[in-house]
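Following this line, the structures themselves.
Two complexes come next, and they have one chain in common, chain A, joined by chain B in the first and chain C in the second.
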Partner chain A sequence: MILNYIGNFALLFCLIISLIILITSISSLNNQNFFFRKNLKELLFFKFFFALLSFCSLVALFINSEFSNETVLNNSHISKPLFYKISGTWGNHEGSLLLWLLILTFFAFFYFLKSKNRPNDERLLTIMFQEVVILGFIFFLLKASNPFNIIYPVPKEGLGLNPILQDPLLAIHPPVLYLGYVTTSIVFSSSLAGLIRGNINSLWAKDLRKWVFISWTFLTLGILLGSIWAYYELGWGGFWFWDPVENISLMPWLSLTALVHCVLVLEKRSIFHSWTVILSIITFTLGICGTFLVRSGILNSVHTFANDPERGLYILFFLFFLIFLSVLIYFIYEDKFELNNKNINFYTKETSIILNNWFVMYFLSVILIGTVYPIFLEVLSNEKISVGPPFFNKLIIPFLIPFLIFMSVGPNLKWIKKNKFSNKFKLIIIFILSISLSILVSKFFGNTTLNITILLAASFYLFITTIKDFLKNGFKNYSQTISHFGFSLLVLSILMNSIFSKEITSNMRVGDEIKFSNKIIKLQKIENTTEVNFLKFIAYFIIEEKNKTKFILRPEIRIYDKPETITSEAAIKTDIFKDRFLVVNLVKENEYLNVRYQEKPFMLWIWISAILISLGGIINIFKKNEKKIL
Partner chain B sequence: MKKKYYKFSIITFFIFVFLIFYYGLNQKNLYTPEDIIVKKFPNLLLNDFYSFNETSLDNILIDSNYYLINIWSSWCLPCREEHPYLVQLKKNSLIKIIGINYKDKKDNALKFLDEFENPYTHILSDTNGTASIEIGAYGVPESFILNKKKEIIKKIIGPIDKKKFNEIIELLKNEN
Partner chain C sequence: MKTKFILLIIFSLFLFSKLSFSEDLKLENKINKNLRCLICQGQSIYDSQSDFAESMKIVVKQKINSGMNEEEIYSFFKMQYGEWILYDPQFNTKNFVLWLLPIVVFLAGGIIILSKFGVLKKR
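For the complex of A and B:
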């Protein structure tokens, strides 16, 4: 009970300190030294401390299962394992916002410590914008989603946690994703501050680069964890569904990817000022926009979150406040860019980066339109539709081809250079090689369309050129090479996966057998056991291949009691080259099980390649600063 | 001067988006009555979902008092929501449910039916989506209710939910 008050008051203290910082920083904009003497560091630290205190008290409430707290009541249960009690803290709307706030305050403090080599006025402005964002979140927490609402009389038992969310992967997925989102707020604030002060230059980019890479890496890992979870838990045998919530996490990632490249170019060549600033703004507002779309219930999605129009309204106003604020600041201070009319030659790295930026922007807008179009249509004509994978596939796949080619040629070009690139010959040979390779693959396995063959050729091209680059440059620029290699591997594995996946669906009883290509799948027995908070049915399948290898797959059906939910746990056997995926569903009032067996090649490589992509980012964070060219 | 226009248009654009979202939030429960102009359902030639033979809709729309024509797809999430209502509606002997499978892969569609039960007496494929345009559909899911004379008496855009399901039941009762 007491923890409720501690948490609530800690939040209030947070609010007060945040207000103090904001007001003093505005009033001392012209006399920064005054404020810096006045313990900005201590204030930032205490704000972080109180946010931490508030968060910890919520965690403690969850651990103790104190159902006097409304959030705990709705999302926890005494019989839930301790691990999921703790992860339940951020598995719900209120708790996850508190986590947002905690990370926000932490990074504001951390930024202040790490930005000593920036001019004081810019630091102060950054902290000021950061404070605006933090205040927005605290108000939202206190007003529309307070995690410390008290219920009296105290209920005896909680209402459980969505069992789909009871998964170790999902316990760490949101924090990692939030780390990514929240760091973009630093990038956003710092861009606005630099814009106002006219400080957008290569030195600024050098300091910002670390933040951009931190957030990019976390976002990449967060999305990876989310899609691994979807693959193992949702039991649909896919890893990406173009679901609105997935799209929402992908959009900031795309603009951040473009930003990563722009920041590098700005640091090296002192061009792309406006690109960098605009992308910083877009990335952060897309993150908030995602929160709005997900939390307000304006979209239909498989991800079930508690919806509340009041919350939606608040985030909407906050979102557009931020958008108009940054648009206005941009318009007013736009002329402060240090414009240096450098000519950009066509055969340079700069050009290929700009081209790829435009492609990324295109992908971004396709996804954005696909996600919000249903809302527009509903408002304008009161109709409901669902935009499915065919839309995204049709609009994205053809444009991936030139994108991949630019991505392979780009790193082989030189900066500034007027003369044409040197290893043209090698690149052409690789190009021919990859085309023939992809023709071979599609001839050999049949049933591929021309579109896919060309895409395959393009991704082979990127794949081979990155290997070539790695062999040639060794460890010279290996963070880039690893990420690009990872990306080519990702595209290649996704393609191979979608071309060569095979599956069979059937209804089976105990003792039944089905034949599938060169295998026999037999349902041997079904066992049931009782676990802490669910009932478990395990089906034993024996899969026998022609060459006498035998293995057992044990998919499960779990029936949770609070709230009553049935989930299917897929059984997956992972090999280097393919995954065997088996999932069963109950058929109503029937002794049959609905069985779905899939063979999915290169699944493991999709995960590995995403890890490689983020590894490149991690390496860049710890890399020494790059040399500037002109 | 040019610059001013572009600033102006960007701000207008954002205001427009804001308004759309704002109304989107409040729209949830709005319901507009469907138009009551009697319109005959067009006769179409479509491929049968299972056999892929060309079938005329006129040959299917016989021997029932009412027909529900439902456009669906396995990749469409709202379709999953409305499916249980179709299955329930199947038990009503007054009405016959005909599915039009919209821009879908046959395997996925079969799986969908396997998983959620098949409420349709006939399924036709609209692989490229042209038939749905001819019908005048806006997207998936969408349902038309026809009477014996193949006149459209009700059109439901979006998934059939509990409220709309009850409306259909009422309609069947009243018209009888």
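For the complex of A and C:
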């Protein structure tokens, strides 16, 4: 009980400190009172401390299962394992927002410590904008979604956590994703501050680049964790559903990807000043927009667990306030941008990065329009339409082909200089090689269309070129090479996966056998056991291959008690080149099981390639700064 | 510049040519993936295990066996449940903005970039 008050008061203290920082930073901007800055560090620390205290008391409430707290009551249960009691803290709306706040305050403090080489007035302005965002979140927490609401009389038992959320991966997925989202707020604040001070230059870009890469890396990892979870828990073997909530996490990732490239050009060549700032604003806005769309319940989606329109309205208001603020600042201080009338030659790295940004922004617009259009249509004309995978495939895949080719050629070009490709000959050879390779693959395995063959050729091209670059340059620019290589591997694995996946669906009883391409699948027995908070049916399947190798797959059906839910747990056997995926489902009032067996090639490589992509980001964060080429 | 325009034309041709990722899959799965499970949250009937999805799958199977082609099956379901059930939005008066707006954005981006290039080159 006491923890409720501690948490609440800690939040209030947070609010007060945040207000103090905001007001004093505004006033010291005018009279240049640098004296104040000595206390700023302490204030930022205490704000973080109180946010941490508040968060820890919520965690403690969850661990103790104190159902006097409304959030605990709605999302926890006494018999739930300790691990999920803790992860349940951020598995719900209120707790996840508190986590947002905690990370926000941490990064505000961390930014202050790490930005000593920036001019003081810019740092102060950044902190000021950061406080505006933090205040918005504290108000939201206190007013619309307080995690410390007290319930009296105290109920004896909680309502439990949605069982599909009781999963180790999903326990760490939100914090990682939030780390990515929240760091974009630093990018946003720093851009606005730099804009006001007229500091947007290559030095600024050098310092910002770290933050952009931190954010991008965490977002990449967060999205990866989410799709691995979706793969084994949600669907019947899919890992990306073009579901609105997934799209929403992909949008800031895409604009960050554009920013990652653009900020490099600003650093090296001191061009694209305004575009960098615009991208920073877009990225952060998309992050908040995501929170709005998810939390308001406007989306009809697998992931919408918290539906509350009132909250949505608040975030919408906050969102418009931030957009208005940043647009206003942009137009007031626009003339402070460094004028540049540098020439850009066509065959340079700069051009290829412009092309990258062009395509990435197109992909972003496809996803944005595809996600938001149905909502607008429903509001305006009361007609409901669905926008699903076919739409995104049709609009994205054709554009992916030139994108991949530019991506392979781009790194082979030089900054500024007009001299064309340094190794034109090799690039052409590789091009011919990849076309023949893809024709070979599609002819050999048949059943592919012309479009897929071309896409395959483009991704082979990127794949081979990045390997060539790595062999040639070694560790010179390997963060970029690794990320690009990872991306080509990702596209290749996804393509191969969708071309070569095989599956069979059937109804089976104990003792039944089915044949499937040189294999015999036999349902041997079904066992049931009782776990702490669920009842478990395990089906034992023996899969016998032609060369007499045998293995057992054990898919499960779980019946959770609180709240009562039935889930299917897939059995997956992962090999280097192939995943075997088996999932069963109860057929109502019948002794039959509905069985789906799939062979999905290159699944492992999809995850590995995403890890490689983010590895490139990690390397870049820790990389020593290179010289600027003017 | 010329090569760029040629590339653009090629992509737009691609858009209107029939482009689909699942042509090698069985027709039934393809149709199942394209139909929304109405009682689920954002899942196709292919991905769902609900009773509704299971019975829908049976209906799809029957329709295929009775000799209906893909388009006929889609329009059958559209008649029954409305356009909401189709994951692939049709190109019609309601949805043309959805299909064309991204392309407009792409072209606009291209024009902006080209104009910047032009301006920069004159100086």
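Things to note:
Note that the second predicted complex is superposed on the first by the 620 of 630 C-alpha atoms of A that agree within 3 Å, B and C clash if a C-alpha of one lies under 4 Å from a C-alpha of the other, contacts with A are read in each partner's own complex, and residues count from 1 in each chain.
Assume a residue touches a chain if its C-beta (ideal position, glycine included) is under 8 Å from a C-beta of that chain, and two chains touch if they have at least 3 such contacts.
Here the structure is a predicted model, which is why all the values come from computation and not from measurement.
Superposition of the two complexes onto chain A shows a clash between chain B and chain C.
Of the two partner chains, neither chain B nor chain C is touched by A:I172. In the overlay built on the shared chain, the residue A:F331 is in contact with chain B alone; chain C does not reach it.
In the superposed model, A:I369 makes contact with chain C only, not with chain B. Of the two partner chains placed by the overlay, chain B and chain C both lie in contact with A:N594. Looking at the shared chain after the overlay, A:E383 reaches both chain B and chain C. Once chain A of one complex is fitted onto chain A of the other, the partner contacts of A:I354 are limited to chain C, with no touch recorded for chain B. Taking chain B and chain C in turn and counting the residues of chain A each one touches, the greater count comes from C. In the superposed model, A:L604 makes contact with neither chain B nor chain C. Of the two partner chains, both chain B and chain C are touched by A:N585. With both structures placed on the common chain, the touch criterion links A:F320 to chain B but leaves chain C unconnected.
According to the touch criterion, the shared surface of chain A, contacted by chain B in one complex and chain C in the other, consists of residues 243, 300-302, 377, 381, 383-386, 388-390, 503, 585, 588, 594. Residue ranges of chain A in contact with chain C, taken from their complex: 234-236, 238, 241, 243-244, 299-304, 341-344, 346, 354, 358, 361-362, 365-366, 369-370, 373, 377, 381, 383-391, 393-395, 397-399, 402, 447-449, 451-452, 498-499, 503, 568, 585, 587-588, 594. Those residues of chain B lying in contact with chain A across their complex are 7, 10-11, 14, 18, 20-28, 30, 32, 73, 75-79, 103, 107, 110-111, 114-115, 117, 138-141, 157-159. Contact residues on chain C toward chain A in their complex (touch as defined above): 7, 11, 14-15, 17, 19-24, 29, 33-34, 36, 40-44, 46-47, 49, 51, 54, 82-89, 94-95, 97-99, 101-103, 105-106, 109-110, 113, 117, 120-121, 123. If you check the complex, the residues on chain A that touch chain B are 243, 292, 296-298, 300-302, 309, 312-313, 316, 320, 323-324, 327, 331, 375-386, 388-390, 503, 505, 507, 585, 588, 594, 596.
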